[in-house]
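In structure tokens below, several structures.
Shared between the two complexes below is subunit A, which has subunit B as its partner in the first and subunit C in the second.
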Partner chain A sequence: MSGLASLRRLMWVGLTLLSHYRRHPAQTAFLIIGLVTGVGIWSAVQIINSHARASYAEADQVLGAQASHWVRASDGGGVDPDAYIQLRRAGFTQLYPVIETRVATDAGEPLWLIATDLLALPRSEGSIDASGAGWLAMIQPPYQTWYPPELAESLGVAPGDTLTLSDGRTLPPAVPQSQQQQGRRLFMDIGAALDVLDRDRFSYLAAAGLDADTARELEAALPSGLRLEPNRQRLDLNQLTESLHTNLTAMSLLSFAVGLFIVFNAVRYALLSRSPTFHTLRELGASGRQLSFAILLETGVWSLIGTGLGLAVGFGLSQVLLPPLAATLQSLYGAVVGADILLRPSTWLLAWGITLAGLVFALAMPLWQESRQSVRAARDLSDRWVRDRTARRRLAWVGLILALAAGAVYSQMTTVLVGFVVLGLALFAAAFCLPVVLGAVLGWTLRALPEKAWQLRWAFSDGGAQLPTLRIAMMALLLALTANLGVETLVGSFRTALTDWLDQRLAADLYLQRDSLTREELNLPADADWLAASHQRVGLDIRWRGRPTEVRGLEPEAPDSRALPLADSSNELSLWYVWDTDNPVILANEQVRHLAGVESGQTITLSTGLGDRSFEIVGFVHDYGNPYYQFYLPRGEVERLWPGRAEPQGLALWLSDRPDAEASAEAALLAAGAQAGDWIRQAQIKTVSLRIFDRTFAITAAMNGLTLGVAGLALLTALLAIHQQRLPDYAHWRSLGVRYREMGRVLTLPLAVIVLLTWLASMPLGALLSWLLIHDLNVLAFGWTMALDWDWAPAIRLGLLTAGVVAAALAVSLWRLHRQLPEALRRLGGQS
Partner chain B sequence: MIRRFIRISLLILLAGAAIAESPYEVLRSTGEGYAEVMPERAINFPQDHQPHPDYRIEWWYLTANLTDDRGQPWGVHWTLFRQSLAPAGPVDDWSSRQVWMAHAALSTPEGHVYGERFARGGIGQAGVAIDDEERFDAWLDDWQLLGTGPGPIPGTLSFTIGDRTLTLELSADTPWVLQGQNGYSQKSDQGQASHYYSQPHIRTTGTLTAPNMTVNLSGKAWLDREWSSQPLAPDQPGWDWFSIHLDDGHALMVYQLRHDEGAPWLSGTWVTPDGNARPLTADEIELRVKERTEVNVGPEETRALPLTWTLAIPSLEQRWDIRAVQPNHWLNTAFPYWEGPIEVTGTTPGMGYLELTGY
Partner chain C sequence: MLQLIDLHKTFDQPTGRITVLGGIDFHLEAGQSAALLGESGSGKSTLLHLAAGLDHPDHGDIKINGQSTRHHTEADWAEQRRNHISLVFQQFHLIPTLTVLDNVRLQARLCGRMDPDYEHQLLNRLGLATLTHRLPHQLSGGQQQRVAIARALLHRPPLVLADEPTGNLDEHSSESVMALFVDLVREAGCTLLMVTHSAAMAAYLDQRWRLHDGTLSREGEVA
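Here is the complex of A and B:
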């Protein structure tokens, strides 16, 4: 055969195979749905992750201008504008001033604000041009506040609105417009910020692209009290957020897997109607190789369609998922993530790659097996049952092997990535074992039923006929239910732990937030009858083991220092409270223990202002939500070891139980120079903290909902498949005089049992998953420990939800059955 | 001169406040709310060396034709612009509505380097003032023109572009030249005008330092001071401006403001070696483009600019051929224009500077 003829023949075989999808639009639709949901969710997360990482890569920029170094005040008090002008006039034109601060709306919603002088930004960065029209009005009274449009919308701020802050100050009129690297921050002219925030200092000076020589010259030229620091934000952010992105990727891969189940399901469903085509093609002389090529061609076509549509959906989805994630990254890590998402070629290729790989398993392999079946392949039901039982057993064996592998890897689990491998293995092990369990339960029930209960026996026996088509859908459902339960339990446990922790940690009644308002500064009367106790914290940022680390100075005698939320402590804990310079001890947050691998009783070394100092760790404190290492020392010790570097970190005030204590406190604070809005009530901090927490997990909830939705789809496609395929059986039943109601019962009962069993199985598995997440993965990823807090409500909610999906799917199937049965009966008549 | 107004329009262009189709629009917009340029206003020294924030725009502008020890030609231009963004408002703090911009360019025997900077007023990063030692001080960051007394001349100009630092000592013996009618310089027949005075006879010496290189320079410089609130008429698209030092000690300033339709607005001043000025009327000046030259204005773009001219002042029996020393002196700044040294041959030869805008 000539090459051309062979090619033509191949095309012809391929087109014949593909024509199946034209004749069966429903199957085509399911295949597309499976591909699109799977690829869509996966690529959405992929897009978001790579977008966030790209944003970190730009983290050494401020509003589009590069910042290789910072100039900061050694005492943390900010940079005097005169010092800045002096440096500019000395020729350090790489410097530009920045005010970066957190403010709060009068509803307590935290907002990040950044301000700079656009005129002073390094010219080569072209920032003035980039900022486009409108900065003229921005740099002069009454000024403007530039809101990222998405943030303006969520705050309900319309153009021209002036937002009132918690301290009563008013921001300049709003303009929805965003700058490079603005993220979810408000942007303002620095003159406006000095004026509106009533400040007289910059947060820091940023320096664009200093070479080593200029950096040395600048360092030498800095007035005393200022210091030059290299900008390490990019590295830090990549390190800090790694775990979060791994989490997201794992969840998206789960969705992808569930999507593949739908594809697999649709393909299996299609196989039955396609096997005659294969046999006809073989009989017409198509070689096995040609069929294989045609199958590969089909796989290729589907992979392209799936990738294209999936990426389109994923792109749309990423737009929806990005804002909550960006908010999380900002509040947790201070990472700025822009709103402009780009679809990179690498994402295209990767999406196509995994789609192709997935389709080889879900589409090409079953098709190939079918094409190799000899013509004698039996078409009767009983043979299919037998084959299915064998397949179920085989699956269970694979499941057992996966479970063993999970156990083996678990003992070696040291990174988040390996943790997710264990999770994946465990989940799939359970899913693979499910069909054999379902088959066994149906079989046992059938055997246990008395002979008289013929209708029940019929129903359970029919369950055996449904199982081959349903088992894939049930595996997908189990995965989705388990993941949902596991993650819900994790989030619930975390929320409980966080609430308890906040209660313990935020014990004082009032918190003064403005750092300049120290107890010494305020000069509060020590014998004030409204004041029960106070606690002035100090702190500074250092680096320890290559990561940004916080050192906090506490007053050991303060009430909240006496009741620290300890996760673990040694017998030496009391030494921390009675400080002895010869025997220095230190407390650390849990992150130090779990992420840096330091145990209680071990000695760590910090570089202090007086040189390196060693401390014995005597306890670990819960510190949820903090991505940084933190060490606690008595305040006096911090001030001694880092002279002039410790900054005030807020003042906590405990009120006496006098009825007018709060009013007296506020009056005293105002008299001492504080302004309304400088202090915040305990309850308000808790509300805001929990709001941030809920927003942080909004993306988790969204992912969870999507996974369950995909599983619901899998179930629906499976049921429709079953009934389509068994239409001739039902026609037989009808012709034998079975009533619709009886048919409904026979079809519904086994399905209900199967779904119930799957749901029941998801509970221990969900508990196992949440245990793994809380006990291992969370600790590996963030260094936080908490107690598992099992709640039945999510399980029941998921059960009801599943019942609803099943009922809906069943209703659709039975309605279609009802409509198609007369036609099927006619065909039955024609055959006989 | 008028030409300098264009730089100010840069600010407005960047500010996005200009009417989109032409950055020159700011120069044509009415000066409503700002101080008005009036013929009867006398120029006073040294007070008028200082800023006039009640006028919309203003500049301190220096060009110099220099030679090195080997006789090779060099050129320098340095400008400091001030603009008021609003007719009223604070001048002296972060809410100031004064904005400053500076350009510095160095024409070397081999080429051309330049830089531009911006600063807000009121914060000390840029400005013109009398310093603690009673000296005239005009600066933006480390670019500075520092007088030895209350005026800019005698004084020192210093700036850095990249790794090259230039320092020029400036001195003059002749009085300031008041342009137009006692410093009132009319720009159109519709009333647009500016206050304008110059020092064309500045002797200068200085050094350029760069890594592994020091160049001694000497020659003649020209300083212009001008301020206005509405310098251009609505139908004037751009201008061609000449400042010339003749070898016999005379100096000549000529400009034409091109007109959308019809004849350009021509004006000039003839300055004797001892600093006496004689205004030139339009009908005394014959200015013609002789040749256009393709000039690189971007990485992939060239533009044909009039870099060769003939100029005659028949009433003074003078006639010259003028050509740019080097064609590639386009400043691709935020708002681009051509400015560079020119060589003058004819009745009395000389050197000078040419500025072309609106092309």
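Here is the complex of A and C:
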């Protein structure tokens, strides 16, 4: 009975507290906006991250969901069809051939192409439906190319169209297909691929559902030059994309934190304006425990509402964010992401858990403050701004502890995840220290102002009264600005690095794209007066230390070989240019150094067509954005070590300074058998590269915009809260005859100063963030370095954008204030 | 100085329309003081608010210094209060972030009528001379109300409107603050209309008026 009575009392307390929201719909709206924005952005990224990972798994399906192993050539040169037939005849029917290659359209658009033998594909795969009548047309001339509908649409390919590749070859007629496992890849029959791509080898053989014993038998039966590997496709994609997903998760958590600030503001304000109710209830006999329990109950209700609505928004947002993310993944890693997004139950649970945790955090501090105050003190809000100084000092102490923790963790930073922890600690340390700095600057300015500047003194002193409510919003704004500036600097540095890299790598004027058109076949006269220099590169793909690796054969005398962008080199570098067979040396990209931990002077071993060979590393080359390891040897050495395996990688031509050099070059190329479209100008490649780059970072720009938008919302809610809370004060100013423009000045000036200080603080912090991202996290994540390219333009642009956001938030808030003031004036002295 | 002509004011309530002021006529000469008495909810504060332009009548006119305010906009009223009317409320309405001195000077600065000698005199009379650099929350209730009085009088406004100015103070403080307030108003030559429910406080003023059932009646002159 007493239990029922106490439950009834609890309900009564809870309903009394909740009735506040019915009477204050604006506060209810702020709370919901905060929850929905925070949860929405976080869950959107969570949804697309898990969706992308699921897509990687699906991408494996086309090669066999159970493709537990691959058979590859040791020298990376591909598998001979005869060897495949021999193994099938020996009973290894689990094997099926795959050609997987990257091609480019004649417009330079990179595409992944995959081909397999539908008839050899084990039934257990169940991935490609080979039962329909369509497959027969696919495996017979003129063959078919299956396009995922969205890829066909983006390429402007209609059914029946034949797509021309950069090397002049044309693909079989297009057939739009919705084979989910195909992802964003082109799919062809293996026979067609051998024919169309003019290849005589498969990329590898996939083996489905191979148990350990059969794997051992297969390994023993493999012809020389082939080896069995576990299927690392999925592992590779996960490895390669992990950094990007960690990055996205960090950004979404930052948005969630900023959203949490809105919630914190709204909850704090709701508690503050419910203070009289809170204390009346206490006076009427409700215990502190009952009140706390009622508020926690309320938290539970809000967390459910926030999770539901936040997930709905997050789902919608994920649909918007997916295309730029897919573009990023495709451009960077060739990873394909499907279009159908699913909301998993685990996401629901996680979103609810994180919302609940966030709300408890947002409620804990105000509740603690409330519980520590006497009833009288809680009723008196006039000196709240003075009491806030203590709170600011406490925050600064927390900030200081976080900064020390960041320093301590930094010294132990070995993984990307730990790197993000350091970033998080540093950012929050700065955010927690910000209010004390803002308060101090306002105080110093107030003391420095002369007695005569009384309006300024009033404005600056009023800043002190705005700060308690504004500080949370400013912390959120600082986080958003810093993240924006840091990431903008990172992307700007990327862009500069890419441009420099393109300038160095693409130094030649013309590039022949058709691999069959080598210098030897074209028989270009070396003494042609339009030709200054040329470079015929060759290359092949191998695997080294379990990862995809590229071996490139360069001509040491070529202009771009003489100007390789070296990140670091040893004294023995000259040995690379003047090859000495007794002292085999090799150049590697930076990824080898940072990801494989190999240093200059150390020896590495590569599997060549002539067996294992050792090389001493004599230098590392900057290699922007390459997710693979890459080694550089003189062309002759590559052709000698991998006989018949090294394929042409394009011919670069430097034109002389004759005015008609380009026209002469084109005439000579046509005369030598090349066709228009076989070559591409340097500027065209750069344009395409930069276009791909910009598309790659579209996701970052979207996240930046969202974070700043959330910070703008935090500011708006804070301003609305301040103006609502101080409405009686403003009504009183008006009763003294204060004009609206004077009131506007007093309210706006300190806000402008506070925002300006926050923006200024974001610059060194943004620089620190970008420095950490570039010098530490980028190296940990991608294995290559670049210079930090600080540019004032993004800082100024962000400043102007912030000013716009602040002005908009202020305008909304002042408009609302202007509408509420007449009523507030009427209530000024009470009614009697 | 202050003339109220046929003032009507009604409020819409869930129970129906309530007439608070049903045709009020009132006239207060310059330099005179009047107390407005009445029960809670009788409309005393409403009448004061109308006189200050904080609210607007449904019908009637308010003349200040012989000038009609019938067509006053909100901005005109703000100018009127800035230059000609001072308000003193039960809640002191000091600006919490400004010092005592800055609070006292605020309205005089707004209308540009600073008078250092009078300021010195006021601060001394009100016992605030040693408290000028304190912040409002560091003062007692009585001290805060004296700051509000100093602020209202420093620029010597023609009209002072006070709404229960000592309502937040204890009996002893009320009496001393009220006596001082009325003395200073008279010395400054201001006209005072004060809302109170206390006959004792009303006794300090020249006239007493009672508001009942929406009508105003004079209770008699005080000698």
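FYI, the second predicted complex is superposed on the first by the 618 of 832 C-alpha atoms of A that agree within 3 Å, B and C clash if a C-alpha of one lies under 4 Å from a C-alpha of the other, contacts with A are read in each partner's own complex, and residues count from 1 in each chain.
The working rule: contacts are C-beta pairs under 8 Å (C-beta built on N, C-alpha and C of every residue); 3 or more make two chains touch, one makes a residue touch a chain.
No experiment lies behind these values; they were computed from the predicted model shown.
Of the two partner chains, subunit C is the only one that A:Asp729 touches; subunit B does not reach it. Look at A:Asp195: by the touch rule set out above, it reaches subunit B but stays clear of subunit C. In the superposed pair of complexes, A:Arg826 makes contact with subunit C only, with no contact to subunit B. By the touch criterion defined above, A:Ala90 reaches subunit B but does not reach subunit C. Contacts of A:Trp454 after superposition on the shared chain: subunit C is touched, whereas subunit B is not. In the superposition on chain A, A:Pro81 contacts subunit B only, with no contact to subunit C.
Partner subunit B is touched in their complex by these residues of subunit A: 81-82, 85, 88-91, 93, 117, 119-120, 123, 128-129, 132-136, 139-141, 190-191, 194-195. Interface of subunit B with subunit A (complex): residues 12, 14-17, 85-86, 89, 93-97, 99, 115-120, 123-125, 139, 141-142, 160, 334. Looking at the complex, you find that subunit C touches subunit A at residues 38, 40-46, 48-49, 52, 54-55, 74-75, 78-83, 85, 87, 89-91, 93, 95-98, 102, 105-107, 109-111, 135-137, 163-164, 195, 197. By the touch criterion given at the top, residues 382-383, 385-386, 454, 457-458, 461-462, 464-465, 728-729, 732-740, 742, 822, 825-826, 828-832 of subunit A touch subunit C in their complex.
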